[in-house]
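Got some structures for you, see below.
Okay, so chain A shows up in both of these, paired with chain B first and chain C after.
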Partner chain A sequence: MTAIDDTRPEIATVEAMIDGVTVRVAEGTTILDACGGRGCGIPTLCYGETITPRNACRVCMVEVEGSRTLVPSCSRPVTEGMVVTTRSERIDHSRRMVLEFLGSSVDLSLTDHVEEWNAEYGADPTRYGPEAARVDEPVRIDNDLYVRDYSKCILCYQCVDACGEQWQNSFVIDIAGRGFDARVSTEHDVALPDSGCVYCGNCIQVCPTGALMFTSEYDMRQAGTWDEARQTQVDTVCGYCGVGCNLRLHVQDDSIVKVTSPPDSGITSGNLCVKGRFGFQHAQNRPTAD
Partner chain B sequence: MEAIKRTTPASEAEREAIDGLLGPGEDHLGRDAIAGHVVRGRRHLLLPCLHALNDRIGWISPPAIDYLASRLGASPAEIHAVASFYGLFSLSPREPVQRHVCIDLACRAAGGPTEHSVDDGAHPAPCLGLCDRAPAAITIGGHDPEPDPGLAAVDRANDDVLLRRVGSGDPVDLDAYRADGGFSALDRARELGPEGIIAAVEASGLTGRGGAGFPTARKWEAVRTQPVTPHHLICNADESEPGTFKDRTLIENDPYALIESMAIAALAIGCELGRVYLRGEYLRAHRTLSTAIERCRSAGLLGSSAGFDIEIIRGAGAYICGEETAIFNSIEGYRGEPRNKPPFPFESGLFGQPTAVNNVETLMNVPSIISEGRRADRRLFCLSGAVRRPGVIEAPIGITLGSLIERAGGLPRGHARWSCRRLRRSGRP
Partner chain C sequence: MLGGAAGGFAGPADLDLPLDDARLREVGLTLGSGVVMVHDQHVDLVDQLRRIAAFFRDESCGQCVPCRVGTIRQEEAIERLAAGTGEADLSLLRDIAGAMRDASICGLGQTAANAIQSAVVRLGVLT
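Up next is the complex of A and B:
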């Protein structure tokens, strides 16, 4: 009988010191993940569970011994012997500044945790006064399925990467322009129906600030009827084809108001197609009483 | 990706401008797997293509972007993103000849306009690096700049090393350069070999003159010893800091010295094609350096027989592209945004391969280090604004501001002379 060799290749690990505590993690693990990932106390904005971060927001910066500059914890892998500090006067100052710059120039009112971080780091986005430069432009409503409100956009690149090589491979949007004029844009800034958009909505799924939003949610917010406290979430499987994508239905008052997909789903990693994302109306067509 | 068919195709002139660089368009390219790789492998030609459109048409139209996208196997949104990144390009119609008027410090001090007072039709421009002739303006498109007798606005001294040839005769006269000892340092470098060159540079104490002051020998040694090939050399000539014009002065007046310096650097790090990332606004420097490179190729000093060649990449009006990793993205045909470090350029730079990026002035120190064993103890200073003789001055590291102002002729009548005296009295570097 042949013995089956079930010894697995040993995973290379590295040892580092984070806030005085020795940790041993697999090689390639980022500092943020070594600290416990999202929700570990290090603030994150441009970091999404399903997208390789571009460290565009600079709010997760930490100190690494021997490094002249602060380093983005979401992207820097832990290396052997690394000594990391995740909270210090210098770090707090940097985070405060980032929160104030972003908060003074775009609308972060729908971004999770921003209020608590502002309080924690003493950030006051209003301190640049009413004259502070602000991305102020009308909401773009050019199709029936979702709206784009770039006055909420922090240019984190997540939608660009979800549309491009990281998920959908449609490459319909990119960051155009430079500096304060930089915007997520289709080619020639054409309306979505004139672009190559396939309405998979995977950009909405990863948007951390509410700049991209289901039209159904947008309309309800405008009408003042959007109420997350009254919503339930139901996980189910999409019935359109045989792939078996996981859907998370957001239901308010017995109606589906939005569809997402669990980011940790092994089938979708949070991604859907236009049918799964937006084709939910048939489920709630009720017979008319006649 | 979804192909969107728009009603207006690119004009014949637009297609010609692009085909001039990419070859005649073939519709089947990009439709099968192998050809797709070939098509996408030409992405580094995007920036030159955008220049070709801008030079010929004056602006970059949506059909031209769509055509470029189809030729490069990219989406129109990606090409639009790159074209809209650069200040010298326009995505709305304009004339092929554009006037850019400097609204920065030295020019404002010399009576130049503000952002709101530039003439109709002219573009307000950040510092054009022409502070020695403020107030300044340039014209892009439609013509090649003529040689200018007033070029060498430098305060020369007898012991100048870096500025030795500046203002002395025709800068593109190859025979004169050789008669003056030109290319003897390269001969000496060949005898020394890579390790010998790096040892000599190390002994000279040369550090980066672009601002960071990193030891040049350490950078070269790090690239030289990388197992991955090819190795790249980039001369950072994207001089954009307001008030700085030393690199432009060097290239316009002593182009062969830069070519020789790059040839030596390439020998040290093991590189066969060097690139000069030249600021888009430096049209005269572009012409001078192109001519010099052409003549070196004819003389067999560059090109396949020499084992080393130089290519000029024109920037297109983006200050950030002076940052070394932003240069990589710009050359590769992407938005000129800086990359994360690590990985550092010496291991993963241009096209993900080992790369040394050196500033013009840094490189220009090299020939005298190799041929004479000089210490790199001199620097260039740009003086402009309220001095009598604005220009570039070469001086030992540690010179006082007061002495520099004195060498620039001091302050013009009516300016506060006390400040100059005070600087001199303080006597500290």
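Up next is the complex of A and C:
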């Protein structure tokens, strides 16, 4: 008979000081998570619920004693004896500038919290003048399922990582170009139907800016009928196969208008395949009078 | 100018400074790449700053926001200042410099405002 070893390995912890309070957290915990994670008061843009961030947006910066520059709280692990400050004139300045840099170059109208953060940090994206260079990209409508509007894109890398090694392993999109001309792109910027895209929509799920959007949502927004206040969300299980992915149906006026998956779902972590994501028309085909 | 595009301008008052990393650091300069570029009174320093700003805008890889957007906003502000705008754009330049230095991922963005700020502060260029 095999004895069951139920001794658990000790979890190594580290002690640090955050805003004057001593905290003890598991080794490897990020500063942001030690502060309570997303929504704890430190703004975040490139840190999504299901993606390990590339710390590219730099809006979550904090001060660490002994560090020449500010550090990204979403990615920097707490180390023993670390002394962290999460709010100071220097920090607020950087956050304000990142908000202004983004607000003056892309359309953040669909990005959550931006208005409130602009107010909190005194960011005024208009002070760069009307001549300030903007990311000027046509809306890409090249398939029936989703639309790409890179004039809203903050280059958070989340779609790239959702499509690539963090989730889908399809590697359809990546960053092309550099500097201010960097863009998310398919290979050689081919239309999605000519790319390797399998339309899982996992990139749409993680996009924080509305740059990637269900065609159904895009069309309704264009028509002025998109109204989140009138929508309900229904969680259910996808019926297409035996995996049992969790679906969250967004319903407006008795029609499914888009499908997401709960990010905290233990089965899918917010990911789906094309059937669960887009295969909902049959559920609402109305009989036509003939 | 010491240390290349990521370095800084020393002024006429600094001519006796020893080329020593520690001493230079004390006065806010750096040896950087080791390059020493001598400008006489006939050099158009505004044009030099323009070229430095364009260089960093061009070299930014585009990964992080402070450098990707900061370098282009820095260049735009310098172009406006060169055309004769005033104080508001100088303080904008300072604001941009602070965020690039503090929040960029790598040394390129962190130093992209060095030379320009040193020319403004030490030599009064653009003011």
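One rule holds in what follows: the second predicted complex is superposed on the first by the 283 of 290 C-alpha atoms of A that agree within 3 Å, B and C clash if a C-alpha of one lies under 4 Å from a C-alpha of the other, contacts with A are read in each partner's own complex, and residues count from 1 in each chain.
The rule is short, and it goes like this: a residue touches a chain if its C-beta (ideal position, glycine included) is under 8 Å from a C-beta of that chain, and two chains touch if they have at least 3 such contacts.
No experiment lies behind these values; they were computed from the predicted model shown.
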{"item": "Contacts of A:170 with chain B and chain C, given as first, second, both or neither", "value": "first"}
{"item": "First (chain B), second (chain C), both or neither touched by A:188", "value": "first"}
{"item": "Broader residue contact with chain A after superposition on the shared chain, chain B or chain C", "value": "C"}
{"item": "Touched partner set for A:17, first chain B, second chain C, both or neither", "value": "neither"}
{"item": "Partner chain in contact with A:145 - chain B first, chain C second, else both or neither", "value": "neither"}
{"item": "Partner chain in contact with A:155 - chain B first, chain C second, else both or neither", "value": "second"}
{"item": "Which of chain B and chain C A:105 touches, first, second, both or neither", "value": "second"}
{"item": "Partner chain(s) touched by A:180 [first = chain B, second = chain C, both, neither]", "value": "second"}
{"item": "Contacts of A:196 with chain B and chain C, given as first, second, both or neither", "value": "first"}
{"item": "Touching partner for A:55 - first (chain B), second (chain C), both, neither", "value": "both"}
{"item": "Overlap of the chain B and chain C footprints on chain A, listed as residue numbers", "value": "55, 175, 177-178"}
{"item": "Touch list for chain A against partner chain C, complex", "value": "54-59, 61, 69-70, 90, 93-94, 97-98, 101-102, 104-105, 127-129, 131-133, 154-155, 175, 177-182"}
{"item": "Complex interface listing, chain C residues touching chain A", "value": "57-66, 68-73, 76, 80, 92, 95-96, 98-99, 101-105, 110"}
{"item": "Chain B residues touching chain A - in the complex, by the definition given at the top", "value": "1-4, 62, 65-66, 69, 74-81, 84-87, 91, 318, 335, 340"}
{"item": "Sites on chain A touched by chain B in the complex", "value": "55, 72, 75, 169-178, 185-189, 194-196, 198"}
